[in-house]
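Naming follows writing order (A, B, C, D, E and F), and every chain is counted from residue 1.
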Amino acid sequence: MSERVDGRAADVLRPVTITPGVAPYAEGSALIALGNTRVLCTASVEARVPPHRKESGGGWVTAEYGMLPRATHTRSEREAVRGKQSGRTQEIQRLIGRSLRMAVDLDRLGPRQIVLDCDVLQADGGTRCAAITGGWVALALACDRLVREAVLPSSPLVAQIAAVSVGVVAGARLLDLAYEEDFRCTFDMNVVMNARQELIEIQGTAEGQGVSRAEFMQLLTLAEHGIEGLIAAQRAALQAAGVALAEECGRW
Amino acid sequence: MSERVDGRAADVLRPVTITPGVAPYAEGSALIALGNTRVLCTASVEARVPPHRKESGGGWVTAEYGMLPRATHTRSEREAVRGKQSGRTQEIQRLIGRSLRMAVDLDRLGPRQIVLDCDVLQADGGTRCAAITGGWVALALACDRLVREAVLPSSPLVAQIAAVSVGVVAGARLLDLAYEEDFRCTFDMNVVMNARQELIEIQGTAEGQGVSRAEFMQLLTLAEHGIEGLIAAQRAALQAAGVALAEECGRW
Amino acid sequence: MSERVDGRAADVLRPVTITPGVAPYAEGSALIALGNTRVLCTASVEARVPPHRKESGGGWVTAEYGMLPRATHTRSEREAVRGKQSGRTQEIQRLIGRSLRMAVDLDRLGPRQIVLDCDVLQADGGTRCAAITGGWVALALACDRLVREAVLPSSPLVAQIAAVSVGVVAGARLLDLAYEEDFRCTFDMNVVMNARQELIEIQGTAEGQGVSRAEFMQLLTLAEHGIEGLIAAQRAALQAAGVALAEECGRW
Amino acid sequence: MSERVDGRAADVLRPVTITPGVAPYAEGSALIALGNTRVLCTASVEARVPPHRKESGGGWVTAEYGMLPRATHTRSEREAVRGKQSGRTQEIQRLIGRSLRMAVDLDRLGPRQIVLDCDVLQADGGTRCAAITGGWVALALACDRLVREAVLPSSPLVAQIAAVSVGVVAGARLLDLAYEEDFRCTFDMNVVMNARQELIEIQGTAEGQGVSRAEFMQLLTLAEHGIEGLIAAQRAALQAAGVALAEECGRW
Amino acid sequence: MSERVDGRAADVLRPVTITPGVAPYAEGSALIALGNTRVLCTASVEARVPPHRKESGGGWVTAEYGMLPRATHTRSEREAVRGKQSGRTQEIQRLIGRSLRMAVDLDRLGPRQIVLDCDVLQADGGTRCAAITGGWVALALACDRLVREAVLPSSPLVAQIAAVSVGVVAGARLLDLAYEEDFRCTFDMNVVMNARQELIEIQGTAEGQGVSRAEFMQLLTLAEHGIEGLIAAQRAALQAAGVALAEECGRW
Amino acid sequence: MSERVDGRAADVLRPVTITPGVAPYAEGSALIALGNTRVLCTASVEARVPPHRKESGGGWVTAEYGMLPRATHTRSEREAVRGKQSGRTQEIQRLIGRSLRMAVDLDRLGPRQIVLDCDVLQADGGTRCAAITGGWVALALACDRLVREAVLPSSPLVAQIAAVSVGVVAGARLLDLAYEEDFRCTFDMNVVMNARQELIEIQGTAEGQGVSRAEFMQLLTLAEHGIEGLIAAQRAALQAAGVALAEECGRW
């Protein structure tokens, strides 16, 4: 198996730290560091829902994603200056939003919206997965606060969600790609799962070569292994913040 | 197993017809009908490449996707009027472009670009998959024309690519969802494969419930089955157009 | 007189076919073929009116115009990608909207709006005129449906409207210009008339030379002749669709 | 015949004054007052041509149109704030550009562009016609200056162009509509002619009722009459500015 | 002291004329000429307030700024064509709006908004200051009209506001810079004051060299002197329009 | 004197910390904390200059400003989503750019551009001043690196620049306003100075009441005092980063 850029074995995650509560004004927040990748995630609770949810009585969870211009090795243009979000940005924030929406019982949330803002301070590959994993912690903190402040009788959080990337680089199947690996991979996949290792989202892309069913299954196994580590890191972060996770979040 | 809206068995494709050469001015074109879904696909060969390919000497394949305002049951706003393509549109056209780029040897294509325009005339679910499947036929015809007109010595087409949707509706795993099924499904997945059934793209999304590894494998098996039928329909369309497919397109 | 590109005499329309009901989801639709020009027209009935009609109690008729990127000999940029409709597009759709609004008694239509979408699938000159002529058939079908479905007691359709182009090419005055003629003409005019041959819209433009009053009158006579043929084609299409035209539509 | 809002007879122009040279920095300029309508027209000569004229060696003439927010009885939104020019604005500036382009021999103009800016300071109907009539004077002054400054050996101005509105109000055919008349008219037409009374542009629109051929001819006769008066006013303005009009400008 | 471009002494304003009532449809208007700079200012009273003032019961004063494309020595692009106002334009109109808002008691104005449109017809430096000085006259006339038409029992105008530029050119401190001086200055400052010479706005910018506290005080003294002259010109304009200024406008 | 929200005396800065080198990929960076305000500043060196500097041979310094959506007590809309930067944002980034441009000898910088990105992570008033003060440290580090990497023979940094806010709250003149004070102030001013206390930029705004010359001088004295403290904090940060400041930076 080819040596990895940072000496890791193929099935090892980069060091992960999730610091809860870093943004004092937000209802929930977390800074996730995954190797050199850093994403600041905040959860904002708003007393309104989007038009298509108006009549339902239930709530909504959505996400926005951004990257500071100099989060990367060379400066990239600010999207606010360019006047629109790129297709890539929209694709990522739709993925984050869909994934984290699966963590919440929208009816129980009631007529309010939680907006996850995931802003990449430093980018070294895997930013969308880090955003989902860190965003879930921010979301959990915001849900906990709704209960502590007696806005809701019980937390609307019903699942624990994390995400990880896997890929094929020079024929080797690797877990949690750093930027340089991501750049050279021939097949690249982001996997979002809940704590019961059910698939929530899967997005695989051939960047030069397709994968056979057998290879695909190996990638999926790597992903399941990575998700396990991230689920544990999320639980540690909540514990550090003094927040207990409801039983049911392991339900599915 | 729950009865399907049109009486099909769970593992049966809707009737598919691919009519080659419908757009007389385009270098390649095809109209694909998949049940009530209709997508007009044209391939335009342009003597220029995008900036990031300028120095490579090689070419590019890209795609754009659109939907006529009244392709759907109720009229949707025209994107040209709204002043931008939606996130959904951009996500779809990026998927089509990536998928069909895998069918072409870009170096052999030389300093030219092939633009696939996939415009939905009627939408009844599965439009992005139909666009990929029909778009491949338009692409193959354009590549053939480059050889017939002696622009290239041999066709840059190196793979056959098709796409199909699968999903879980009311607990049942179904192939090729119609709109009404798509609307009610709890897990929905688009699968792009080549003729050797290697995965080129996979995009799965829980719309209400995740899927276990076992369920996921069943969905993948359904998709492989559907791809087989679409691959055959593509070959029939090329034959009708008098175009022979190079051996190598079955290569991967 | 100079020979025309397709051998027609100066005062002869290109072959015209109007196929009603091609778009199954729209309240009214027609595909018009005028020589090699093809425009798909749909009429959508919506239960709302624009702000400036809110207080009137009456309805509105409006139009949007688009062209598929490869409707033309070389690919043109998609307006949704460019982020706005061109001045030409806006001018055309305003013309279509104004023209077809004259076919409907807006008070009798009541608090609803009919949107005509005219999308050019193939362009060989005269697309705006074809859009008006075909759009009227879609409009007539939608009005008929409002009566058949008992939404309205009688049809709000009060006039039959058609449009044709005329122009001066190499000194010759010609009816119904094909693209190549349009490209070389020195004066170019679009004429919209009702069944009584009253002028509804007229837009003439010198592209290199003005016209005298005498020449202008000859162009107008050509246009009247062309309108006659188009009016007949529209009636044939309605008949094929089993729709009877109210007496009053010949009224003005 | 119905009494007009300002007591004029049906075939009488409003008082017209064209003041040349009002904008000291522009190569040519004129302020036209037509009744209460006031349009400031400037002609700017630029040493560049648009892309589609690059290879021709010849020049270009184009126009832009604007209206001050409080040119009208109630304030209208500033287009720079709304972020785009309205369809109406684009239609008008395309008309002005096409019309005035017919006044210039673009080959003789050489590799330069003349931009006509027509900004409405006060609007009381007929602003697009006033812009063309006043814009022609600004254009003539700029052409004259190109000769006086020895940039060109002879003036590229080859025709004199003016424009006027006519319409049907309460059954009466009227010349040069004021805003209140324009508001109530059932057919409204703008006519652009050269000094030989050849048609350069004609744009007629039914706002409630079509016109018969006979009525149409009467409107055209009214327009010819009005153009005569405007042509004289233009010549007077040039004379006041000490500019002689080349013989050939009466040529067509 | 260095000779100025137009021979003025360092502490002398350019000739200033303020013509009231030039725009017949606006509730208030003034054309200010300051040397070769000309700004047309209109005040429009609207029976609505912006959202953030909805609940207050009070009114609002805001401003928009524009420049005709050929107000300058070389033509500048029209902002409506470019699709947005420049940062410079927005900065200027925010300055004008804030400054003139200080002239009005918003509570006394009641639930209405006054929009100041300041459009530069000719630009020779100092346009933003001229817009404030002329805009105040338009505002005063609009307030007076609200009283004359008995909409308000007393004028909401509570202060007189004027603005002037000062700067350092080649080491000399100068009042009221013309464009050529502005272009060469090393420090440039716009000062807005009320009739009691209290500072309302101050915006100073080093364009090449900072200024010491002593130099700064000298600039401020020059500005106070210039404001005096402009305050007198404003009063003369109101007098010419037959409008008396309430005592309290000298209050602060 | 009124008690301040955090118990400070009127002439005391909030605690300030500037951490250099926080962004590993940027050529220079600093995180400034001023009370609860946090701004991440990065300096990116690019081998290109804007068009207007192309022919000069010299370089350019510019700035962009952004705020994370949840930097504030309630979430604000992301500018990339809204599709444009607000007038406020543009005004601020123009101020930062102009101010920091004064710190650099653009000729000595040569044909390259330094872009300062100032992104507010937490906002409690004074963000634009913090951005200038922190941005200068990032700029100094980037200039130092150009020398260390032998791109330039000597640093182009020629001045030290810092900024502070002052204002009048409830009649009291205060240094360095926190958000709550800023919100209630009647006159608010941002002052940018170099190490010799010369004025580089000054922007004062009455938010309810003008200030007399005497009051204004007191505000200026407060600002000079605050600048002194910030200049010291900047020097400490550079020292911590092991960067010596050239003598000449105290020059002006």
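Quick note on the criterion: a residue touches a chain if its C-beta (ideal position, glycine included) is under 8 Å from a C-beta of that chain, and two chains touch if they have at least 3 such contacts.
Values in this document were obtained by computation on a predicted structure and should not be read as measured data.
The chains that touch chain A as well as chain C are B. With chains reduced to the mean position of their C-alpha atoms, the one farthest from chain E is B. Two copies of one chain, chain D and chain E, form a contact in which over half of the residue numbers belong to both partners.
In this assembly, A is the chain whose CA centroid lies farthest from the centroid of chain D. Centre to centre, using the average C-alpha position, chain E and chain F are separated by 29 Å. Chain centres here are Cα means. That of chain B falls 60 Å from that of chain E.
Taking each chain's centre as the mean of its C-alpha atoms, chain B lies 52 Å from chain F. Shown for chain F are the residues that touch two or more other chains, namely 84.
Taken pairwise by the contact criterion, the protein chains form one closed cycle in which every chain touches exactly two others. In ring order, beginning at chain C and turning toward chain D, the chains are C, D, E, F, A, B.
Across the complex, chain D is touched by residues 23-26, 29, 36, 40, 42, 44, 46, 64, 66, 68-75, 78-85, 89, 115, 117, 119, 121-122 of chain E. Listed in rising order, the residues of chain E touching chain F in the complex are 84, 87, 90-91, 94, 98, 102, 187, 189, 193-194, 196-206, 209-213, 216, 220, 252.
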